[in-house]
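Paired with subunit B in one complex and with subunit C in the other, subunit A is shared by the two complexes that follow.
Coming up: the complex of A and B.
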């Protein structure tokens, strides 16, 4: 039992407990900002600590190989931590003003984070499932956290119902895989020839359905728009970047370690789903007027892009998907930081609410634009580099058609992303003058937004800086 | 100290670029702060350039063995694109010239733009302009040079169109940008061919590869490459027939004209040929083309300048003419003479333009020299500076122009008699039209309603410094051994061919005398002369109708073709695109219908997905079973 393997998780757990205790110790009705600062500082410290955990050679494992702390897992944990730190920072005011029980909010965020970290490191089906559920259950609560809003409650219930269905399917799939494979361990399952029977294959696809639900890939995406729109804005941000990345992390590990020999049968399926997600997500986003809902559809498309990287099924594709997941985090931080401020100040996130933002808060409008351009894949933002990596990997494996779909759909996506920019920058019509009044922007949110935009541009201009890390993590994974 | 400057040469373009960012993002609305920032950063960059010059002299760094620092910027497939600095005497000289002129122009602009509300923007653009030019000068390969080359073009567009509310300024900016873009296109083709042929765009590598390549395969493709490359300089350096943008470029504020004409944009073309001289000089055919383009342009522009009336337009044609000289020098094989003239010309042409700015500002935007007169008394300092500039460009010894022009004439005489005669005739015309400019504007009676007064100190001191440089830079270059410093091939002997020099000085004297008699003493009527010359005069006055010719070409070919293409675009392309957009939008609407907010529907779709996946897996299982025949 190498406790060093689970040190990140232990630290997060300790932080979770201390936020709970701090929250309880504070007077009723007092501002919960100290809890937020504690969370942010703790997460930043853990993030800094994890930087020293990258290693050459064998990775530490915990409890009979159930839990593997390799560089690959570490990369994703850092990604979650990064997303979480920024979310806590940019949503300080939002949480304080719009949510009841802000103290508990942070504890729940941390428990979701713990779940994600477990997912990233999981080396067998049961551990993966445990992590997944820890994250998902936390999110059920978080989505419904805005008690004053009926939308929030509705979203939570919908998420719970559809999510429960997905959990059931996945658990059933795991039991079938166990029945056929005789083990829950990824590596052991991969070596069992009985996986190729009807029972085994059915189990495999059911497990995949569970993960694809997390990725909100088509046709398992129906929950996403309603939930994204109804959830408190910071929670939507986490659903889009962290929850999805956690799904990607465990999905890739399962594909590459538990089902590596099924590639020939499964890849056509996954390619179809990637293509469907890219097409459907982008097409559906066109008609949306609510920016959060638009981003929900766009996130379906983004899942499609990442899957296009995964189905290249080699080191290049994996590296591209990881790279993309990371840059998508920064793009989301930027976009949702702006939306949180707009939501808190103007009481909504539709295109109407962001109108005139270029005059009310020019900096926010600029960050939003940069983030959206990154999602659309326009140079010199990070999204361009990310898409280049993904589609290069796709083309090199002979899936030109998939890349072509990606290109065309990226072009279409520019339309709806720029609709938001247009709303922010267009001249105001008579009667809209109030929209030009300066918007008070909390300084922490401003800083978080700026840093994310700067990171988006920096990665776009010098992609090597991030690519080195993803190369290293995916190379050690492949060994 | 010098070594520090050398190893930090990359800071030279970066500092003004930083000033651009600071002003552009921050202090744009604050005139004084913007001016201070721009001048401070330019000053630092000037000091560094001096340091580089010192390093090149003391180390010493010679033409054959440049100092190179570069870093990988991007890697696309097998092509590695580097950015960096290449320092040899040529670079050092250019850095010195560009930073000096840029700094002085910025100081001058403090006075010139004092009452302009857009001064902050102006300083931002000036800084970017200087940064682009310095980056171009330091380039290590064709790609970097091309990038900065385009940046220079962009800046010229921004600055010429600085008074964007004036139609003429907008038109001039567009004209400058589009005309030079025509040249850039040819140049880009040339650069791509270089990469395809040699697999590298690096100057140092190309220089070592070239002799073997020529020895092995001859010069066929190289000639095409070099001619394509040369189209860029034809556009940028205002050579015939792409010179038409340069006279219009004076629509920008006058300090910009000084910067464009003297130190930055137009000499970029000459510099490119100089930088890639290892390529051009290896191809006699190309050299001949360059020489004739240059020689013809020099003469052609000089004949136009003789009849023009606006102050700055005369100077503009004189610039074209002088650039022709530089090209001619390159064409006849003398890198030394060309670069020498580039340097001296930068000083006296900047001086002349800044004087023009002072005069035109003092005259309340009156540009016609025949509406001036007697300014000698009203603006004594400006007059003296102007006089120095005129004497320098006319090649009166011992001012700067004498030495550099003599070097070009001597080089031309060695190669070709017709070119030498052309250049000498140009020298005569140059002296004549510059004397005309000086005499008409500054001598004679003061016009009764003349508002002119001496300029303020911000504008005066740069004039004085440039005047000093215009006096000494030629002699300094001549006696300090410019030719042993910047050269290509065998070292040129520094000597003055007294026959050639004497001829040109005598012609200059005659030209001055004629101009004096016509415009000051009024012994002969200028009107009468122009009437007698008839067709010739009208041709010159109307700039040989080149602009009109282009208009006709455009109207008959481009516009007609445009109309046809527009119809095609409107009805066919747009039809397809709009149809696609409508289709996509409609599809989006149809697909969106599924999302009806009912959780029952959501779960149903989810399970449909699950069922589809399961069906697929069972299908696979059945196929496997069929293949292995129930072995499990």
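Coming up: the complex of A and C.
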């Protein structure tokens, strides 16, 4: 057994335990900022450590190939770590002010992170399922963490019920796949011709449905808006970027290693779902007035874009989806950092609450605009390069119609993103003067927001470096 | 040439935007000085390039190339030829004028000039890019600053400025969505390894792109560039948008941004997809006629000065489209020259309207009268722009329009005839407006309005010099453009020899 293969996970687990112990050792009622700093510093150190793990040649495996620490998994782990570090940083103030038991909050974040990392590395159905459950169960609690808020409770219960349903569906699917394929190992399943029987195909469909729930792709999206809106803002951020990216990571691995010969059956279905998600997510977002809820619908559309990359079903598509997942992380950090500050200061995240932000906190308004434009795919933000990658891959495989839908819908999405910009920048009406008063912005949150906006612009103007990394990760995956 | 002249012209406004970001909000004078200084530098460099451009040799000059995104085949490639150089000059001159037209903006001055600089840099980039990716990047960069500028500094008249802003943005973005699809499929069809315009043009003209694909891709580009050029029926954003926008945005938008549409049609539509251009030319000619006549007809009944000029610009773009559709060297030379001419003229108009609106908060024709008695300099500006618009010989618009008619007459005689008739409409609404606003009896309520002086005078002087200069010495403009169009002659001759595919001539 090569314990080096699981070193990232072990480090995260150690960090998780030390946050628990630190929290216990601290006096009741004392500020839990030290726990937050410990978490952030630990995560940053792990992130730095993982940078040295990229490798050529064979990847380390753990426990008879159940767990594979390849470059592909590493890329996604770094993505989760990055998202998590920034979330901890920008939400310091929010957590202190709005959440009870901030100590446990950080422990739960870390256990969710652990689940994601296991998902990214999972090389068989059972490991994938274990990671998925660890992540999801942590999120059930995190979503309901605002104990005083009825919305938060409602969101948690909804998420629990729908999530449990999807888990059941997926587990049933896995059992069918196991029955037909005779193994839980991705590669072994792909080699078994019995997968092409009715039982096997039914299992494949159910497994896919389970993953699509996590991606909140249409028609499996119903839980997303309420959960996103009700959850504490930093948790929503993680649901949007990290949880979704974890879903994408394991989804792509399953498609490419477990079901590579099922393209004929699966791709038309996935293309339809990608198109539906792009259309539905963007159209439903138009009517939303709560920014968090709007971002929930927008994240459905974003899942559609990433799936459009995946259904190109080749190395270019995979690379495009990975590129997009990363830039989506930065866009989300920016948007949610701003929303967390606004939520903590003004007690809400509707468009009314961000009104006048261009005068109250011009920097935040600018970061918000840049982040939203990146989601919409307007240059010079990263979203533009990401969409070009995705849709060149799509067109190359002859799916021009998908690219047409993608580009048209992303231009439609500009409309609702600009509604937020409009609220922030418009002239204040009489009676709204208080909204122009300077908003106190915690310096850490300000720094996190600025860094994410800078990264969004940097990737947009010079996508080369991230493209090289995703190229490398997807190339080594395909070998 | 070692000095990166074009990069300097492109990046100077961005550097200025950054510098302005770092200044405190209160130092309004420094902010204005930085903006003006940067644009002066850019204009001087462009004028130098214009003078130093070797028209005998032709082709792309002042070229720069840096590999950019290697896995997509994107190169940071800049360069100007006889087609793009006049457009670059236009951009910088109007950019400089627009800085001075915004001299008196006191509300959030810092934000305004940051956005204005980004806007100018974006427009500059589209004209000097030799790589399609860089072209698209620069083009879409400008859309959002415009929206924010309309939102904060715009004015609500017939429609709320929020509506005007979002309408303008959505039209341009929807157009660009189709354009993006066209560009991506073009990129893949040409081999998927380069976004370079020369490489794509070579693929298009050597038969790598088959005829059906060219027809399809050209339609996508036409939707994008056509809505940018306010081609009927995608024109309705233009008058509303200009009316809602602050005058600097109207100047840049009507003066140069719109021209990206015409420039793109020639640079991409014609050079990369010649068969597509040939196929759709009759349709473009027909729509151009609608532009010329219908927009002129609407302009006649407008009351708001900005709406008149807005519809007038839609009408003038019809001439550009017509020149393009005739697909011969003469008409295309005329179309490019007409874009320059209209840019200078329209931005002069908008700057003068902006001045009078700033001082009186009036821009409706019935409310204004007899301004010539009190504001002689403003009157000069209005008269120059107005008479150029009518096509008075000796001013900038005459030669380009004439060239378009000469080039079009043999291909689409009916259209050319109707377009010439359109000038009568133009004369009608322009002269009527000038007569009402400027002349007539003295009106005492305007006695206290100060005439243009200092910074306000700069747009008039600057644009006036080009308006009269290129009018009296048209060869200065036409010579450069001809050197850009001459290399296209073999291609155009080949195209006109082929039978028309859609509808035929009419």
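The rule is short, and it goes like this: the second predicted complex is superposed on the first by the 479 of 479 C-alpha atoms of A that agree within 3 Å, B and C clash if a C-alpha of one lies under 4 Å from a C-alpha of the other, contacts with A are read in each partner's own complex, and residues count from 1 in each chain.
We adopt the following convention: a residue touches a chain if its C-beta (ideal position, glycine included) is under 8 Å from a C-beta of that chain, and two chains touch if they have at least 3 such contacts.
Note that this is a predicted model, so its numbers are computed, not measured.
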Fit or clash between subunit C and subunit B when superposed on subunit A: clash
Touching partner for A:392 - first (subunit B), second (subunit C), both, neither: second
Touched partner set for A:331, first subunit B, second subunit C, both or neither: neither
Touched partner set for A:422, first subunit B, second subunit C, both or neither: second
Which superposed partner A:369 touches (first subunit B, second subunit C, both, neither): second
Subunit B versus subunit C as contact partner of A:213, first or second or both or neither: first
Partner chain(s) touched by A:384 [first = subunit B, second = subunit C, both, neither]: second
Contacts of A:410 with subunit B and subunit C, given as first, second, both or neither: second
Colliding stretch - subunit B into subunit C, listed as 43-51, 97-105 or 115-123: 115-123
Residues of subunit A contacting subunit B in one complex and subunit C in the other: 412
Touching residues (chain side subunit A, partner subunit B) in the complex: 157-158, 161-162, 165-166, 169, 193-194, 196-198, 201-202, 204-206, 208-209, 212-213, 219-220, 222-223, 225-226, 265, 269, 280, 283-287, 412
Complex contact set, residues of subunit A against subunit C: 358, 362, 369, 373, 378-380, 384-385, 387-389, 391-392, 395-396, 400, 403-404, 407-408, 410-412, 414-415, 418, 421-422, 425-427, 462-464, 467-468, 471
Subunit A-facing residues of subunit B, complex: 584-585, 587-589, 591-592, 594-595, 597, 599, 601-603, 605-610, 612-614, 616-618, 620-622, 624-625, 632
Subunit A partner contacts - residues on subunit C that touch it in the complex: 68-72, 111, 133, 136-138, 140-141, 143-144, 147-148, 151-152, 162, 166, 169-170, 173-174, 176-178, 180-181, 184-185, 187-188, 192
